[in-house]
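Below are structures written as structure tokens.
Next come two complexes built around chain A: one with chain B, the other with chain C.
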Partner chain A sequence: MAYPDQIWIQAASFAGAAFSVGFGAIGAALGEGYAAGNASEAMGRNPEKSGDILKNMLIGQAVAESAGIFALVISMLLIFFEGHGEPLVTAFAFLGAGLSMGLSAIGSGMGGGFPAAEACQGIADNPETQGMLTTNMLIGSAVCQTPAIFGMVVAFLLMFMDFSKIPLEPGWAALLGGGFAVGLGAIGSGVGSGIPAGSATRGMARQPAAATTIRTNMLIGSAVSQTPAIFGMVVAFLLIFLDWSDKPAAPYWAMLLGAGLSTGLSAIGPGIGNGLTAGEAAEGIARVPETSGPVTTTMLIGQTVAQSTVIYGFLVSLILLFIEREASTTMVAWAIPLSAGLCMGFGGIGPGVGEGIAAAYTVRRIARDQELNVLLTRVMLVGQAVSESTGIYSLIVSLLLLFVI
Partner chain B sequence: MGDITKVPQWILNLGGMEFTLNSETLIMSWIVMGIIILFAVAATRRISFLPGSYQTIAEVMVSAFQGLVNDALDEGNRHYFPLIMTIFMFVWLSNMLGVIPFLSEPTKDLNTPLAYGLLGFFISHYAGIKTKGFKAYASEYFQPMFFMMPLNVIGELSKVVSISFRLFGNIMGGSIIIMVVGHLVYSLVLPPLLNAFFGLFVGTIQAFVFTMLTLVYISVQTK
Partner chain C sequence: MAAEISGADVVRAAALLGAGIAMGLGAIGPGVGEGFAAGKACEAMGRNPGEAGLLTRTMLVGQAVSESTGIYSLVVALLLIFVV
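Let's turn to the complex of A and B:
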């Protein structure tokens, strides 16, 4: 059946709206539920403070919800879209906008729940620190929302850019791939930057005198956890702004989609892994504030190594974006670049989390016994290198697919 | 709702080169700068032991941030306090400006947060080179092993992107949300509440986060 273009664009804007708020609601709901559960437990431990804990829980949930609200706004804009004869490629831009906003809100919503929950627990532990805990919770969850903001920026670009000069093929894959790159890439970073915010908030209740040191460490740890999401956003910008009009439709559509998926998927693991490391660092500093120097250094080293898989993903994306291929409509021609992107993308998830866990336990140990700093850092690097090997296998297979076959 | 993407611009032609200026951002930045200068003059014009109202506000702000800077920076680098204070005042007032009808936040334009992010980036690296010496500064990029250099450089560059996009996205997102919801409810009841949340609450938090991150970046480089 042949429908006019406008019908397809309208349908895509509805589907994009559904993706945006459908995926976007997942994270915020989980985060808020986690905060509420911890608030109940905190009240049970310290019933006299139940009023303060309830207030704190509601404020924390309001911030954790903002990722969900962003998703709702993008949905509204897509639902009330009025067509004025846009080209058909706009339909894919709307799908991409919905995916980018919806997927990127998952992580930030979940991440925002951690500081809210730990602030409630901290108030029950040490009611005098309430003001400090609420402030730190607000800063921590505001930082967590950044990956969702990246998704929102790309969604706005996809919704309001002028697509009249972009060819339908392979332009559709660039716009959809851009949505996937930033949307998937933000999941891990959103969760990851929430973990240090939570541990730091709880740690301040334990050790209020070291609040500044803990907050500094939390901000550094959260900021580094967001680097994978930035790679996703860079790939999304490249896909959206580069000119694909003189490229043949096949196999370029598969290469552009593969480029988006490669960085997007491979950013999930490092984001979570970096967050785990930063969380243990914040907790360790709260236990023994004097160790903040070696703990922060080891945390940064561990995080930098854990990030390498997203850099492999980024590398594969760049190769897919910039190598030249002959026009070919055979199935092999499009299956190869798509498989290479997926291979590196999925292959990057595990090593990222695994290396993050290795660094997290090392950091925890160094916080208790800083004499062991040099030895443990060396063991951590060896362990991370071994855990990295699966990511390197994925990279090798991707490169084989692209250059040998 | 078509005005979401419209950016008012002045295009200047100087000696064959074309300069594009975002007029709204510029005018709003000037307004913010004017408010800060007027406030500073009012607060310091008659300094007395019994402070007047402007002096009291200034003293509260300065002492709060002095504490943060003293905790974060070593003895030799505390002269960055006026910079940190100015960044907070500028970003905070910029974020507040959108609450007033007919005015808009200069931070809504990516150029403003990016300029401040780059400023913090260069100053933190300058402070690092000055405190540790160039050799110690440069050798940090090769820690823990020499091949980590590209990763460390990428990590440093991504700081600029994350700090500026965080502020820009929050403020722009908030103003678009207020515009869209205001349009849907015919500007009844909801917009003031949304302005209170996104303008006053989110605006203050984001200004504080931006300032704290700039401070932390300087403190990491100088330690």
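Let's turn to the complex of A and C:
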């Protein structure tokens, strides 16, 4: 470390700027590309409405772009912001800010593309509903932006908080872990909120009379899909605001980083899974609006079960944040908490998506034949329970790592 | 600090880190796959509720096979934690 701290801080702010706009550009570009592809397809089907479709596409893309713009703003701030200073921990805060903003923009950008695409298709199918579709698209894509806003809030906190009282060790891990928790945690929720918004918008074109029922279901489904991002934000706040200064550097740095990764990674799966379920529910209700009662009930049951793995991830994060450990500089002492966090984090992804898929198919069938809702819900729960097993294995291995050895 | 780290410590740390990563990554595939199987079973049952018994049985057999890689990961993780 022959260089003064200021050099490292500046280098970190540039790296953070790259993470922010680099990751942040992925989602918006994918979402807008998807919207443009669908707009072209819609125009091919109904060329007379191409003007309206183009206008709608541009509005939808502008909203999907917003997450990318947030990422650009944070990048610019990181590049041109002098920082306040000396403590080297600021460097990690800047890296965390970039990761938080960049990762959280991925999901929101992608999610915003779905309603934009489906609104364009809907205008081609049923041009009279254009106003309603554009409105619903705007509501739906606004909800998709929420996870990116969580990421931006944490990025601003990390950039502008006063770090003079935070010791470098283990403070650096808390700030970096906070960035991972909210950034990774927002990916699934952003995508997951977009899927029901897309299906609902398309459904309204098919059944304009049922618009209110469809929109209500869409909002419930998207709201549940936001939960994993909120868990990520809670863990980020705990990491950033709690005082770690009296804790020994090792193994606490690994515990704090593990806590951020556990909730952040495990939130990806449930966010996407909940979105898939809500998407099929919105589509089913649009087909047969009378089934909205049983469809919404089964959707909520399915989403709740799919939510379980992020709750495990959150649990492991809380254990990592609040158990007491002796100071130890051995490698084993830090390998254990890091391993537990990664185990539960990755392990939560698959069951979250899988249980969401199971619930999505179930909801789709119930919308076509609501007499079967008891039978299908029961089988869905059995199937989800089996799919849950690997999430439970991950929880068990995490707990073994933390408490048995 | 460096002086305290012995070869055995490095090996043990790598084993424990490997256990977590093995179980975590290994859980992704079965989770998605079993959910897909459950979803398709429900879809088929919706079309033909009379065959609910057969479909549930098939779903569980299919899921059990899909589970196997998750169990391999669990076994490897437990080996890395308790045996190696």
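By our rule, the second predicted complex is superposed on the first by the 402 of 405 C-alpha atoms of A that agree within 3 Å, B and C clash if a C-alpha of one lies under 4 Å from a C-alpha of the other, contacts with A are read in each partner's own complex, and residues count from 1 in each chain.
One rule holds in what follows: a contact is a pair of C-beta atoms (placed from the backbone, for glycine too) under 8 Å apart; a residue touches a chain by one contact, two chains touch by 3 or more.
Note that the structure is a prediction, hence the values are computed from the model and not measured.
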Partner chain in contact with A:100 - chain B first, chain C second, else both or neither: neither
Can A:108 be said to touch chain B (first), chain C (second), both, or neither? neither
In this superposition, the partner of chain A with more touched residues, chain B or chain C, is C
Is A:212 touching anything from chain B or chain C once the two structures are fitted on A? First, second, both or neither. first
Go through the superposed model and pick first if A:126 touches only chain B, second if only chain C, both, or neither. neither
With the two structures laid over each other on chain A, which partner does A:301 touch: chain B (first), chain C (second), both, or neither? first
Applying the touch criterion given at the start, work out whether A:370 contacts chain B, chain C, both or neither, answering first, second, both or neither. neither
Residues on chain A in contact with chain B in one complex and with chain C in the other? none
Chain A to chain C touching residues, read off their complex: 265, 269, 273, 309, 329-332, 334-336, 338-362, 364-366, 368-369, 372, 375-376, 379-380, 382-384, 386-391, 393-394, 396-398, 400-401, 404-405
Quick one: in the complex, what on chain A touches chain B? 62, 66, 69-70, 73, 76-77, 80, 138-139, 142-143, 145-146, 149-150, 152-153, 156, 160, 212-213, 215-216, 219-220, 223-224, 226-227, 230, 233, 293, 301, 304-305, 307-308, 311, 377, 381
How about chain C: which of its residues touch chain A in the complex? 1, 4-5, 9-10, 12-14, 16-21, 23-43, 45-47, 49, 52, 55-56, 59-60, 63-64, 67, 70-71, 73-74, 77-78, 81
Where on chain B is chain A touching in the complex? 1, 4-5, 68, 71-72, 143-145, 148, 151-152, 154-155, 158-159, 161-163, 165-166, 168-170, 172-173, 176-177, 180-181, 184, 197, 202, 205-206, 208-209, 212-213, 216, 219-220, 223
